[in-house]
Amino acid sequence: MNRLMTLTAPFAQEQQSGYAYGFLDEFAKRELRRTMLKAVAIPGYQVPYASRELPIARGWGTGGLQVTLSMAGPESVIKVIDQGADDSVNAANLRRFLARMTGASTTTDTLHATLIQSRHRIPEERLAEGQALILQVPDPEPLRRVQPDISQARIMHADADYSQMWLTLYEQLVHFGRFMQGASYPCLVHGRYVMSPSPIPRWDTPKLHQAAHLTLLSAGREKRLYAVPPYTDVRPLEFDDVFFQVENQATWVCRQTGARYKFMNEIPQADGSVAYELSDTGYAAKLAAARAGTPVPIGPTYFDDKGEFYHAGFLKS
Amino acid sequence: MPVSSSPNGAARAQAVQPDMGIALQAPRLMPHAPILQVTGVEKSYGRIRALNAVDVIVYPGEILGIVGESGSGKSTLLRMLNLEELPDRGDYRLNVPGVRSDNLFELDRLPRRDIQIRHIGIVYQHPHLGLRMRNTSSGNVAERLIMTGERNFARLRAAASGALAASEFPLARMDDLPVRLSGGMQQRVQLAKAIALRPALLLLDEPTSGLDVSVQAAVLDTLKRLQRETRVTMILVSHDLGVIRTLADRVMVMRHGEVVEMGLTDQILEDPQAAYTQQLVHAKL
Amino acid sequence: MRLLDVRDYCKSFTIHHLQRAVPAFDGLNFTLDEGEFLLVRGPNGVGKSTLLRCLYRSYRPTGGQANYHSRHGWIDLAAAADVDMALLRQDEIGFVTQFLRPRPRVTALELVAEPLLAQGQTQDAAEAAAAAMLDVFGLKPELWSAYPTTFSGGEQQKVNLARALIRPRRLLLLDEPTASLDKPTRTALAARLGELKRAGVAMIGVLHHPEDVAGLVDQELALALPAGAPALPDVTELVENLDAHR
């Protein structure tokens, strides 16, 4: 028996009951892996794939789930987050499902995870080489708002014809004096394709630029998969004289950890005031443990305690 | 006695033989080569022959009028000159710095689009064909510069207001959506968009047909002034002989996808040679 | 120096609708030197205006030659390419009628300056010249920046003459420019034409009041109706006839 069979032996039971290892049959996983390789080879390009049925509804993370199921092995360490939280119902369910179907172990610590499936956030701690971030994508097409006809949009991608995206930015400046796009801020990947980085906040967008880790973005409902390989340029669209900017939360302080310059949730209070909490619960838990005196390794973050981004000069002001 | 100077090969096609009388010679005083030279254009839609052996030759700074009733093929021809549509057969040369001397009809889509953006501007009769109605007027103009790689917001603003001002558009309304503008102003936005990159060729497809007479006159004046100041070559399609008389230097008469007659504007209007032109001009008086 | 050499010049109109040809003139021969004034005479309907229009190529002559000595060499106006004719009209050959074609929203000054602007002169220079020209023909300065669409017939004609004569030409075709001018304007026109003639401009004139230019005429060309042929109706009459036949 080879090593994989040894490792997967505990699943023989389930296989007999009709489930393959990793839930998806081998052909499906093979197709997904081929799709991922193609996506890595053409950074930012949306590769179509045959999205399978899963025991959760389309639109609830099936795209991310298929990628994670196809990548996970029994030695994987999986972290699942939903809007930064490890403990939301959806994240917990996906994590449990992944663990049962792959035998992988799970974690809430960004530093320990080998696969991080995420909805709408990138962790605050810097991801490292060898880690993969799998983003669930509701709408992969950055051109959709300017070109509802998909076949036309594909031609525009082929021609690298993105002038309407810049026009959208122009219009926002004319009407509001600033860029209005909050999440899914369009980025030019590797100088070629404009991609929608899934609805991560602007705060997370620069984290994709020249990142050490691999990012896979997968839309189960839309059947499109695209990738940002490690150390790839990802530049948010901006003008020469009007720059992309992340959310300004300079005055916001986490009420649990006292942290600043990290992405916060706003918690409305009964008295009408607003409190703030770190959106990244795994990071918050580690900060809290450290405060309580338990020594926990905390990795370097993308934004330091003064709000400086780790790639100096990438964000202009 | 007459000079026997350079026989201009291109001009052979221009010598349209009238029913009777004197055949015209090739140009010999014109110091410039044609800026646009289209020969042998043919196009069929199913069994309908939309264009048959059409030649168009235009010299720098000229305004060529194309007249004909609906279905004569004049708008189809204009779409081909704008490289929006390709003929079944035909040859298209633009003699403009930066444009290769290839047959533009045979270029791949991308280089063709590039020539269309940089060297050709068009104003359509219906503004919704030429404008993005959900974008601002200035944005519609700025997009042309964005297309050629301008990424500086201040420069985009300046260029958009410059082109709109040249089209005599009221700048106080430059950020209004075209749907909020009158027909005449919409045409001015189209014009600003068309000239934003200072094209060598400006195509006008019934540019004033939907407008009130007084607005029409004002838009025609703008076009005239623009032509005088920028020397842009224009091709004007219209069924309105008044518009043609006001703007065009030369006129090409089309019917059933063929060129019926070609001549100086006043000659076409005052001494039409072909039976069809006589009928057309006569119906207008 | 010889400027124009016209030989066997013919014009007849083919009216397809009526399936007949209407002859205008036949076998004309004349020559014209620089600075010469040729007066074309003849009864109404004999084709005097038609001759001018053929030379200017508003009409297409049907036979013969009109060899013109342009700055670039000899060229046959009867057969010159349209673009060559357009160039000659721009630089060398002018046509003066009694009719102005005013455009809404265009001032008298702008209208007169236009031919100079088309030649590439600056706005200031063109407007200064236009003002001087309007002054020559006696248009009141307060009307210079008004719209000729609102002018009286006489005022429009002054603007018309200023516009037609502002650009330096080598050959002027005068198609009854004085037809309904008042006396002072006629005098101003004659004076202006005299100046141009002395500067070497050749002219061919069809005039209602030949006495206005009496001192300028060097030769006369008398057109006569071909024997038995009906007088050529003018264009508007032709058109009315066509209407009647529809």
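Lettered A, B and C in written order, each chain numbered from 1.
The rule we apply is simple: contacts are C-beta pairs under 8 Å (C-beta built on N, C-alpha and C of every residue); 3 or more make two chains touch, one makes a residue touch a chain.
The structure presented is a predicted model; accordingly, all values stated were derived computationally and were not measured.
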{"item": "Those chains which touch subunit B and also touch subunit A", "value": "none"}
{"item": "Chain-chain pair with the highest tally of contacting C-beta pairs", "value": "B-C"}
{"item": "Innermost chain, where centres are averages of C-alpha coordinates", "value": "B"}
{"item": "Chain whose average C-alpha position is farthest from subunit B's own", "value": "A"}
{"item": "Separation of mean Cα positions, subunit B and subunit A [Å, integer]", "value": "50"}
{"item": "Centroid distance [mean C-alpha coordinates] between subunit C and subunit A, Å", "value": "79"}
{"item": "Whole-Å gap between the CA centroids of subunit B and subunit C", "value": "30"}
{"item": "Subunit C contact footprint on subunit B (complex, rising order)", "value": "1-3, 5, 11, 14-15, 18-30, 59, 62, 214, 217-218, 220-221, 228, 246, 249-250, 262-264, 266-267, 270-271, 273-275, 278-279, 282, 285"}
{"item": "Of subunit B, residues touching subunit A in the complex", "value": "109-110, 113, 132, 135-136, 138-139, 142-143, 146-147, 151-154, 156, 175"}
{"item": "Touching residues on subunit C, where the partner in the complex is subunit B", "value": "5, 13-17, 53, 57-63, 67, 70, 72-76, 78-88, 103-106, 114, 117-118, 235, 239, 242"}
{"item": "Touching residues (chain side subunit A, partner subunit B) in the complex", "value": "159, 161, 163-164, 166-167, 170-171, 173-175, 239-242"}
